[in-house]
Amino acid sequence: MTAISDRQKLAYVNAQAADGRVNLEFETEEGMTLNMGPQHPATHGTLRIVAKLDGEQVIHCEPVMGYMHRGYEKLLEVRTYPQVNTLVNRIDWLGSFTNEVPFILASEKLMGVEAPPRAQWIRTILFELGRIANISLFLGDTALHMGGMTAAFYAFRDREFVLNQIEAVTGGRFHPNFDRIGGLKDDFPKGWIADTKAVMARLRDFCDEIEDLVVGNEIFQARTRGIGIIPGDIAQSYGLSGANLRASGVDWDLRRDVPVGLAWDQCDWTVWTHPDGDSFSRYWVRLQEVREATKIVDQLCDGLPSGPIMAKVPRIIKVPEGEAWVATENPLGEMGYYVVSKGDLGPFRVKIRTASFNNISVIPWVTRGVYVPDVISILASLYFILGDIDR
Amino acid sequence: MSDAPAPETDERRDRLVEVLRSELGDRVVDSLVKPGDDVWVRVATDAWQETGRVLRDALRCNFFDFLSAIDWLPSPFGKSEDSPLDQRPALSTDIVTGYAGGETRFQVFARVTSLPERVSITVKADVPLEDLAVDTWSAIYSGANWHEREIHEMYGIGFRGHPYLAHIYLPGDFEGHPLRKDFPLLARHVKPWPGIVDVEPMPDEGDDAEAEGDAAAEGAE
Amino acid sequence: MSAFLREYLTVAIFTGVAFGLLAGVLSVGKLIRPVRPQAEKYFNYESGVDAVGTGWVQSPIRYYVFALLFVMFDVEAVFIFPWATQLEIYGWFGAVEMGIFIVLLALGLLYAWRKGVLRWT
Amino acid sequence: MLLNEFLFLAAALFALGVYGVISRRNGVMVLMSIELILNSVNINLVAFGAMNGNLTGQVFALFIIAVAAAEVGVGLAIVLAIFRNRRSVDLDEVDLMKG
Amino acid sequence: MGLVESGKMPKPLTNLLNISRRYSIWIFQWGLACCAIEMGAALGSPRYDVMRLGVIPLPASPRQADLVCISGTVTDKMVPAIRRLYDQMPDPKYVISMGSCANCGGPYWDSYSVTKGVDQIIPVDVYVPGCPPRPEALLEGIVLLQERIRHEDMAERWKGDPIVVT
Amino acid sequence: MILGLHLAYWQTSVIRSLGVLVAVLLPAGTFVYIFLFKMVSFMQSRLGPMEAGPYGSMQLLAEVGKFIQKEDIVPDNADRRLFKLAPYLVVATVLLVYLVVPFGPKMRFVNFDGGIFYALAVSSISALGVLIAGWASANKYSLMGGLRAAGQLIAYELPMVLAVVGVVIQAGTMNLSGIVAAQANGKMFGFGGLGNPYFITQFVGMVIFLIAVQAELTQTPFDMPIAESELVTGYITEYSGMRFLLFFIAEFAAVGSFAAVAATLFMGGWAVPGIKFDSGVMNVLGPIVLMAKMTLIAGVIFFVRFTYPRFREDQLQKFAWTILIPVALANILVTTVLKVAF
Amino acid sequence: MGLIVAAARNADAPVLVAQNIAFGVIAAIMVFSAFRVVTTRNVVHAAVYLVMVLSGAAAQFVLLGAEFVAITQLLVYVGAIVVLFLFGIMLTRAPIRGEERATRDSWPLGAFTALVLAGLLGYSLTNGFGGDRLPRYCTTAAPLAGSCLSPSGTRAISDAIFSTYLIPFEVTSLLLLAALIGAIVIARRD
C-alpha cells in the first residue's frame, strides 16, 4: 500500500467538505432530495443527479458533474499534436475514432494539408463504424434502464463484431489512435471489406431485432412516448445536437450540412428527423441512424478509391499560427475542436466542444414536473457519456 | 472535399459582419472573414451581451455551439518537458492575440450557428484585467449557463447576471484556475515527460535517415 | 384433539420450525462471518455520498387512496368467497344479491376513476 | 375452556384500547387504539357464538371487520387532512374547531 | 465472535468456505470510465460472459457486493465516494483495479484533477494493466483473484485491524 | 396413551415441517439455477455459470456458502429490531403459503376448508414485511422502494383474489384438494374425458392471476419497487449477507409458491388430465406432476421477466385499477351467470 | 401470567391442557403487545405490535373454531388495514427514533379510567359468566349439532349471511361505498 500524499489528503478532505456543503444547500429547503450518483446504476457511471422531489414528482433536478473531469483542455496545452491525438480518443470512449477526426481535420486545416482521397474514405468508414459501436450500445442500454435486460446483451453481442472490424484495422478495440495529420497510420488489411459488409448485414438484423424487442413493445412506448419533450427552439438554445436535436424536428446534420472533406457526400443516405421531441423519438432516431450508418459503410466499401493513404507532411509536426474550428457529427452529437496554434509543436489552446455537455445541460429544464422513473428514461434517451461531459 | 479553390468573397459571412456592424455600430472592434471557411468578429466588452441578442434575433443564429475563453499569456512554464534540473531559457511572456486581435490577456469567445443559413460565427470580446467579468449570455442562450460556469471555474472570469455561478467540475475547495497559463501542472515539474521525442517512421517514407536526423535536431531544440 | 385444531397446530409448529431454521442459519453465519466495525461502514448508502436530509420521504397521497380502495375491495372479497362456494344452492337469488353488492362497490371504483384519483397527473 | 378466559382477554384489550384513545397524542396511534377496542369486541362475539353454538357471533365479527375497515379509512383520511393543514398529527396541537 | 477470525475453523471447512467464496463473487455494478465499457463487455457480452466463472453482476448496492472493479479514471472529486462505497461493502471484500488510470493515473499522469492510482485510497487485490484492458485481461484478473481466494487464509486476513490506508 | 400420541404427532409435525422446507427450497433452488442462471443465459446467448460443479450446478451452494461468510451490516440509522424482523416476515409468509398446496391425494401438509382463502391471506402479509424493511433501513431508496412495493402488492393482490373467485364459483369449494378434484372429475362442455382444467374454462381468470402473480413477485415488467436503475435495489438496498440471502430465497420461493398455487387452481394440480391412477400411485407421482406444472408456469414468469421493460409506477397502478380489476369483476359476474344458468 | 395459571387450573382433560396453554401463551403475547401499542413512542413499532395483537386474535378465533373469521382477520386486518396504517404513518412524519412526546400529559387520567373500566368489567364478567364453559371440541366425525364445538365451515357462514343477515350485508356495501367516497373527498387535496 502506498502512502497517500499530502496533496491527495488535501484533495480528499476538500472534496468531502465540498460534498457536505452541497448537501447542506439541498437540505435546508422543503421537500425531499434524492441523490442518484456518483455511483448509481442509472447514471452510466459517475454522474450525480440531485433531484428535489415532492412525493415522486421532481421539482428541480440538477446534475452534478466533474466526477470524471480529467482536465483535458489543460493537458492538451502541454502535449504535442500526435500526443493530443492519443489523448482525445478517450473523450467519448465508445466511439473513439470519431474523437480523433475533428481534431485532425482542424490541424490539417491550419497546416493547409489535405489527406488523399483513400484516407478520407477510410476515415469515413471508421467514423461510421465508431458510430455504430457507440449507438448500438445505447440501443441496448436504454432498454436496460427501463428494465429490459435482454436487449443489452444483444447489443453487447453484436457490438463485438463491429469492434472486431475496428480492431482488425487499427489494432485497438477502443482507442485506435489511427488518424494522423495528413492521412492514416495504415491501410485496410486484406479481406477486411468483405468481412465488414457481412458485419453490416448482421447489424441491420440487430436493428430489426431491437425494433421488435424494444421499439415495438407497448410498455417501452408507454414509458417513453410523450415523456421528456424538448421543442426544437429549446433544443437549439441549449445547443443540443445530434440525434437529440433531430428528434426535436430540427433537420440538421453536420455530415450533410457542413462538409468537412470526408466522404459522406459521396454516398446516398438519409437524415432522419422526428417531430415529437420525446424520449421515444430520440431512441427511434438513433435506431435509424445506425441503419443509415451501416448503409454508408456498405456504399463506401464498394466505392473505395485506390491511392496513397498519407499526404506529404513534415516528420515533425509544427502547425502554423492561426485558429481553426472543425466540428463533425459524432455519435453523441456535434463535437468540435477550436484549435489555437502559435506555431509550436503543440496547440496553444484547444477548446473541446463536446456534445454530451450541451445535451445534458437541458436536464434541469426537461425534468421539471416529471416523475422519478421518467428521469431515468429521459437521462437514458438523452444519451451521454461521462467522459464526453466532463472531459 | 474542397477541391475547388476558395472563393474570394463570401456573401453569407460578409452579411453577418455587416448586420453586426449596423446593429452595434463601432462597438464591433474588429472582424476577419475567411471566405468559404469561417468568420471572426471581436466586439467591445460592454457590447458582449447585446451581440448575443443581435446574433439570436437579427441573424437567426439560434443554435448555440459553445462559449469559452482563452488566456493569451504564453505559458511561463513552457511544456515542462525537460528535466526540472536543467536551466530553462527564459520564456517570452509577450501577449500575442489571435484572429480579430485583442487588447487584454483574457478573451471570451463564443460560437453560434444559423441553421437555416448554414453559417457559423465566432465572436470574441476582451475581458478587462481590472474587472474580470463580462455580462452573461445565459438569458439569451440557455446552453450558455453551464459553459459560463465552466469558464468561471477554469479562468476565474465572472459573468454578471448569471443565476448560479458555482463550481461545476472541480471539488469545492480547489485552489486556482487550471486553464490559466500560469497554473502549473505539478506532476510535470516533479518529473519530466518521458516521451519527449515523438517520432514514428511514416508508412510511405520508411527508412529515411535524413529525416531522422532532422527529428533529432528538432527534438533537442 | 379435533382434526381441525391439529391442522392449525401443524401451521403453528411449521411457523416455529421455519423461524427456528432461519434463526439457526443466521446464528451459524454468526459463527463464521467476520465483524469488522468501521464507522463509515454503518452509514446509510446513498450512492457514495453523505445522505442528504433525513431519510424521511413524504410519500404521495395517491398511495393512500390506492390502499383505501384495496381495503374496501378486500372486504368485498371476504363476502364473495363464502358466497362463491354456495352459489349453486342460491341460484339466481344469490347471483342478484351479489350483483348488487359488487355493483355498489364498483360504483366506488368508478367514482375514484372519474375523480381522477387513479391518474397521477 | 372457560368462557371467561376469552372475556377477560377482551376486557384487557378493551381497557388498554381506552387508555390509548385517551392518552395518545398521535392521531394514528389513537386509531390503532380504537382497533384494539374493536378487536376485543370481536373476540367477545366469537366466544359467545361458540358458547351458544350458533353462527351469529361470527357473522357479526365479519361485519365488524368490514366496519372497522371503513372506520380506519375515513379516520386516517381525516388525520391526513389535519396533517396537510398543520404539518402535524399531534391531536393536542390541533384545534379542530378553528379548522 | 467468528470462528474463522479466531482461526479455530477446521481445515476442510475452511477449504469449503474458500471454494464457495471463490465461485460466488458478486461484482458491484459500477463503472467509472472507458474501462467500464470493457468491464461491461466482460460482464454483459455473450462472448466473454464472466458469469461462467461464477461472477454474478447483479448487485447495484455495495451491501451485497464482494468485489468492486475500479474500472477507469479516478478523479479527486470521486475519491471520497470510492472510499465510502468501499467502506460500505461488507467483509470479506476484494478490489480489482482495472486499467492504467486506476493503477497509476495512466495518460492523465500530469493532470490536476486525477488521482494517480486508486491504491492510494483503498487496498487493491489485483491490478489489470491496459488502456483499456481487453475483457480477456479482466477475466484473467478475475481468475487470478479466484486463485488467491482459494488459497486465502482467512484467520490471517482477519488478524489485527481492518486494512486501512491512510 | 394420549400423551404418546401427542409425541408422535409432534414428531410427524416436525417431519412435515421439514418436508415443507424441502418442498420450498428445492423448487426455489431449481428455479434459480434453471431460470436465473441458465435460461436467461441461453436467452442472451451466453452459458451462465460453468465453473462451480458440472455445468455450474454447484453454483447455488457456493452462493449460500459465500453469503454465510459475509458480514452482517445494520446501518447506524436503521431501526435495528425491525430491520432484522423484516426478512423473517417475508420468508415466513412465503413458506406458509406452501402448507396448503396438495401434492397428491394424501400428500399434503394441511387440509383447510378455506385453503385458497388462507393462501391469499398469508401472501398478503408480505406487503407488511416489505414496508417494514423499507422503513427500517432509514434509506431513501429503501423507503421509496418499500412504498412502491407495498402499493403495488396491494394493488395486485386484489385482481389475484378476484380472479380466484371464478375458480371457487366453478369448483364450489375453497379447499385446494377439492379444487383439484373438481378439475379432475369435472366436465367441460359436457365432455368429461379430460376433466375440466380451469385454464380453459377460466382462461380470463388465469391470465389475470398470472399477471397479478408477476406483479406480486415484483418481477419485470412490474419491478418498479426494486428497479435498480433508479432505486438501486429498492427495499433491500441496505441488506447484506444472510439477510439479503433470505430476501433472495424468498423471492424465488415465492415464485415457486405462486406457481404451485396457480398450477393447482388452473392446471389441475397434481392430477394428470384424462388419466386416473389410484391414490397410492398419485401420491408418488403427484409431486412430480405438480413440479412439472410449476416449472412450466415459472418458466413463463421468468421469460416475461427477462424480456419486457418495466412499467412506470402510475402506469402500473392504472393498469391494475382500470383494466385488471374491472375485468376480474366482469369475469366473476359472467362466471356467476354461466354457473347459475347451466 | 395469571391467565396461564387460570387456564391451567381450569383444565379438566389433557386435550384441554394443550388448548389452554395455547390460549394462555397467545393471550399473554396479545396483552403484552396491546400494552406496547398504547405505550411505545415509535408509531411504526406500534403498528408492528398491533400486527401481533391482530394475529393473536386470529389465533384465538381458530381456538374458538371460527376458521373463516380467523382468515378474514388475517386478510383484512393484517394484510390490508395495517398496510393502510403504515401508509398513513409514512404519509405523515414517522421519525425512525420515535417521538419525544407520544403520550399526553393527562395520561394518568387515561390510566385511571382504563383501570376502573378493567375492574368493572372483570367484576361483572366474573359475576355474570363465572362458571360458563365453552363446549368441548368434537372428536367424532359427525357430531350432533350444538352438543360440541365444531369448526364452522364457510358454507354455514355463507348461509347465515345470505339468509338472516341479507340486509346488513347489503347495507355493508353501502357503508363501504360511503366510506370510500368520504375518505377520497377528505384525503384529496383539491
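Read from first to last, the chains carry the letters A, B, C, D, E, F and G; within each, the first residue is number 1.
Quick note on the criterion: a contact is a pair of C-beta atoms (placed from the backbone, for glycine too) under 8 Å apart; a residue touches a chain by one contact, two chains touch by 3 or more.
Because the structure is a prediction, the values reported are computed rather than measured.
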Chain C reached from chain B - shortest hop count over touching chains: 2
Most heavily contacting chain pair (counted by C-beta pairs in contact): D-G
Remotest chain, chain F as reference, centres from CA atoms: B
Separation of mean Cα positions, chain F and chain E [Å, integer]: 36
Separation of chain C from chain F, taking each centre as the mean of its C-alpha atoms, in whole Å: 14
Inter-centroid spacing, chain F versus chain B (mean Cα positions, whole Å): 64
Chain A and chain F: spacing of chain centres that average the CA atoms, whole Å: 44
Where chain D touches two or more other chains at once, by residue number: 62, 65-66, 69-70, 72-73, 76-77, 80
Interface hub residues of chain A, defined as touching at least two other chains: 11, 14-15, 18-19, 32, 35-36, 38-41, 56, 66, 69, 71, 74-75, 78, 153, 157, 371
Shared-contact residues (touching 2 or more other chains) in chain B: 169-171, 174, 178, 183, 185-186, 188, 193
In the complex with chain C, residue positions of chain E that touch it: 1-5, 9, 17, 61-63, 80-85, 87-88, 90-92, 154, 158, 162, 164
Residues of chain C touching chain E in the complex: 30-36, 38, 40-41, 43, 45, 47-49
Sites on chain F touched by chain E in the complex: 37, 41, 44-52, 56, 58-59, 61-73, 228, 232-233, 236-241, 244
Touching residues (chain side chain G, partner chain C) in the complex: 15, 18-19, 22, 59, 62-63, 65, 67-68, 72, 75-76, 79-81, 83-84, 87-88, 90-91, 93-96, 137-139, 150-151, 154-155, 157-159, 161-162, 166, 169-170, 172-174, 176-177, 179-181, 183-184, 187-189
Residues of chain F defined as touching chain A within the complex: 40, 43-46, 140, 144, 220-221, 223-224, 227-230, 232, 306-315
